[in-house]
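Step one of this worksheet: look at the structure below.
We just call them A, B, C and D in the order they show up, numbering each chain from 1.
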Amino acid sequence: MEINDIQEDIIEEFSGFDDWMDKYSYLIELGNDLDGFDEKNRLDQNLIEGCQSKVWLNAELTNGKVIFTADSDAIIVKGIVALLVRVWSNHTPQEILDNDLYFIDRIGLKDHLTPTRSNGLVSMVKQMKLYALAFSAKN
Amino acid sequence: MEINDIQEDIIEEFSGFDDWMDKYSYLIELGNDLDGFDEKNRLDQNLIEGCQSKVWLNAELTNGKVIFTADSDAIIVKGIVALLVRVWSNHTPQEILDNDLYFIDRIGLKDHLTPTRSNGLVSMVKQMKLYALAFSAKN
Amino acid sequence: MAFDFEKIKNDFPILDQKIYNKQLIYFDNAATSQTPLQVIEAEANVYKTYNSNIHRGVHCLSNKCTEAFEDVRKRTAKFLNARNNFEIIFTKGATESINLVAFSFVNTFLNKGDEIIISEMEHHSNIVPWQLMKQYKGIALKIIPVNEQGELNIEAFQNLLSPKTKLLAITHISNALGTINPIKKLIDIAHNNGTKVLIDGAQAVQHIKVDVQELDCDFYVFSGHKLYGPTGTGVLFGKEDLLNSMIPYQGGGEMIQTVSFEKTTFNELPYKFEAGTPNYAGIIGLGAAIDYINEIGLDNITAYENELHKYAESQLLTIPGLRIIGTAKHKTSVTSFLVDNIHPYDMGMMLDKIGIAVRTGHHCAQPIMDKFKIPGTVRASFAFYNSKDEIDSFVSGVRKVKQMFA
Amino acid sequence: MAFDFEKIKNDFPILDQKIYNKQLIYFDNAATSQTPLQVIEAEANVYKTYNSNIHRGVHCLSNKCTEAFEDVRKRTAKFLNARNNFEIIFTKGATESINLVAFSFVNTFLNKGDEIIISEMEHHSNIVPWQLMKQYKGIALKIIPVNEQGELNIEAFQNLLSPKTKLLAITHISNALGTINPIKKLIDIAHNNGTKVLIDGAQAVQHIKVDVQELDCDFYVFSGHKLYGPTGTGVLFGKEDLLNSMIPYQGGGEMIQTVSFEKTTFNELPYKFEAGTPNYAGIIGLGAAIDYINEIGLDNITAYENELHKYAESQLLTIPGLRIIGTAKHKTSVTSFLVDNIHPYDMGMMLDKIGIAVRTGHHCAQPIMDKFKIPGTVRASFAFYNSKDEIDSFVSGVRKVKQMFA
């Protein structure tokens, strides 16, 4: 699936919620369901320390595609982390580099991705792009 | 004349002015008329340096009475200096120490004797009392 | 209750609003307190009627503004019961007040190897300035440990004292735990050792009466914005003889007597420590805040806030899995807590969505968080304009969030 | 005139008042400018609707307040044409901005014996901080002389430069004389010598367009209260690489990344230099001031003020015995003068009585007064809300006072 198709899917999924509670319940669910973060990757170099919460991010290039795995100690942050991984993981470095992340705004979670939030998410997005750049340079 | 009689005289004199200009013209006149400051007393130790204007104050004890002479580089300040000298000079140290200076308020010149004015007048009044204290201690 | 709650609510229009369609409940008072209309108007009134740069002006507005500003100094001195008005230095906040003392006191009185004592529960603003001086000046920093309840270990403090201990810098009330420290006792112990004392009152002056003469502290600092005053205002009280001996901090207009390239002489107190145009409009607002507090009565405030605080803790503790961080015997107005398996950030996020403003994280007190091995807490902090009803909504909010995470 | 004078007058209610029954004429703008309603309301609006301590808050008000504050940083960067938003550091005023650079730049880059150059026409705020560093750090201070007109001697400046000259700290526009210094030229000369440059823009940003990239200055400072903004606000622009290399100034909340008793790491720019809760309500007011200026257009302001200034000087010079202090070819908005045999204090006092607010004295620039062998001057300084009519009243006021002293 193309990246933007995934973004559209997510926007579609969130369009069904009419209040904050439903939306956050879903984020919590996504957070709880996110696994696949290998304990051996819980390294300092993979840690993005926000002032409020922590994010771990690991990236590998497999068959020309970037595989992101990630985790957070705060469950709502982890829910958003799950969405970011779902959107960008399993795509080529170039596809990631070219992509414009717009679903966050559209599902009303923009607040979580402002630089002043210091929950690690802004840095995570930056870091994902940097991985893509690094892998594309290698190719 | 008693100190407070002089204060009353001054209040009387000023009561005739109905506007600022008249009052200040009179102050300028008083300033211009003030002399008697001996050049040999224009010493650093007699200088009260306000941020805006300078005041020189000399005090001597003659026949048990304090003789103040003073000067200023700003004429309005000098006018007020003249009034202060007129009120307190030629009285005993004890009379000066016991006296409460109220004429300034009553003639509407209080503004000039606030600590923040830094024209040297507040320090001058303090200094006059200190001289009186020093002379009374000597006696 | 000795004061008029309805009137008070009207003085704080900000509190009467909806967040995501929910009535706002503001429990982030330890970060900043709200500002009554009286303060907002006092400050606006400066700009609307007599704004003019203070001191040294000969014209009418400048005199009026100077007098209003200097009058706040008198009222602040009275508020703290300082002996002299000129012992009150205006700064931009508690942090700057501490930095001023760190620089000027240390550079005047300390030599390499001399020691300063702080505690494990300090706010970063009472840690980092001393760490910087440690670096620049080679002084040593000693730390009073805190027990499981969040209380200072007084015995350990006594053991830290040495002939080299020149200063104890300690918080009156902990912003992260709510602990009220026995500062009178600490000051006496320190003074017996010839050690001067700075009290960080950023979390105290808004809650309890402070009398610097009775305490006999050498320095006392606080921030205006936590005392219902404007941002950008702060106070440093210092004893006359110390302030007189200390070298100046910042240089500039106001703090000098005469300037020449050969020789510059400094102004007398308090101006020596107030370089540059002060935040006079803000300080005049702070004066209105002090008047406001005086009118309600600090004793009334203390009594009412204690009641709120006790009620909040007792209600919160009915929630299974909730534990309060900081259980000192003497506490006030600040309640830090954690709920099993719920990250404080998640709790704060969700409470926000139901209109409740609390603070989460380390509260600029990382060392005490590290000590307790927690990433942070959820902190609810109360002011006299809060109510038991609000606490009820808050407690049921915490329950609701807990269920969502179950 | 390209702007709506009547509308502007309405924005400044303070100007519409009587002093001793005379219409106020406010010509003390170089000391502080008046504050338009838009600024007063922007600041009041913070307290009435979204006041909350900024950064790190997870709740709605805190986010709103943080965004409003950080947005002013962007608008300030744009106002000065800084390359990056994080090159804008908020301080409490120009004086603090200079003290920050004095401490952090000198302690990072200078060794004993290194030199800093200032000029004879500096404000005390750009003299004393360097004198303090001279004392603490053993650096040397060199002074660029000024000629009879009040212009810098550029040749003398070039001769002062040596391989040890690490910084030139100089005013953009003199507050005492009105001289506009050729700073682009000075910066180029300094840079050719490997010398960094700080520009004191306290008297410039409100009058002329400043572009820090075009100037290529290393630091640029100004005060909010002279730019129609609130007191207690100031700006330091610094180039990224310099700010990054420099050690921090004050320590406290906000300016750290992590704190422990073993190791504290500092935050990135701009926060590294913003210890403690900033004056965010004031800064949001400053943002409104910048918007206000942009709306009128700085070019329009410059043109109009130049006209006023020229008119004032030409009219004043019709008074016999009046001499203007500071007759540089490039001047703006500040007119300092003396009338034969009349002490500036007397002139100021009497003008006040007829409703005219001017400043008298040394204007915190004693060295240049000493140089000109005068006790001070009477200074009239103009803003865009002043008018030629007011200048006419002022000039006739000066005549009247002169007669009284005749």
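The definition used in the following text is that contacts are C-beta pairs under 8 Å (C-beta built on N, C-alpha and C of every residue); 3 or more make two chains touch, one makes a residue touch a chain.
Here the structure is a predicted model, which means the values were calculated and not measured.
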Distance-maximising chain from chain C - centres being C-alpha averages: B
Comparison of B-D and B-C (more C-beta pairs in contact): B-D
Gap in Å, rounded to a whole number, between the CA centres of chain B and chain A: 79
Averaged-CA centre spacing for the pair chain C and chain B, given as whole angstrom: 46
Chain A-chain C separation of Cα centroids, rounded to whole Å: 39
Junction residues of chain B, two or more chains touched: 51-52
Multi-partner residues of chain D (each touching 2 or more other chains): 20, 56, 58, 258, 345, 349, 360-361
Chains grouped in pairs wherever the two touch, ordered by label: A-C, A-D, B-C, B-D, C-D
Residue numbers on chain B that touch chain D, as the complex places them: 20-21, 24-25, 28, 51-54, 73-77, 119
In the complex, chain A residues that touch chain D: 49, 51-52, 111, 114-118
Touching residues on chain D, where the partner in the complex is chain A: 54-56, 58, 63, 66-67, 70, 258
In the complex with chain D, residue positions of chain C that touch it: 13-14, 17, 19-20, 24, 26, 28, 31-32, 34-35, 39-40, 43-44, 47-53, 56-62, 92-96, 98-99, 102, 107, 123-125, 127-132, 136, 141, 143, 223, 225, 230-233, 248, 250-253, 255-256, 258-261, 264, 275-282, 345, 348-349, 351-352, 356-361, 364, 366-367, 370
Residue ranges of chain C touching chain A (in the complex, touch as defined): 20, 342-346, 349-350, 353, 360-362, 375-376, 404-405
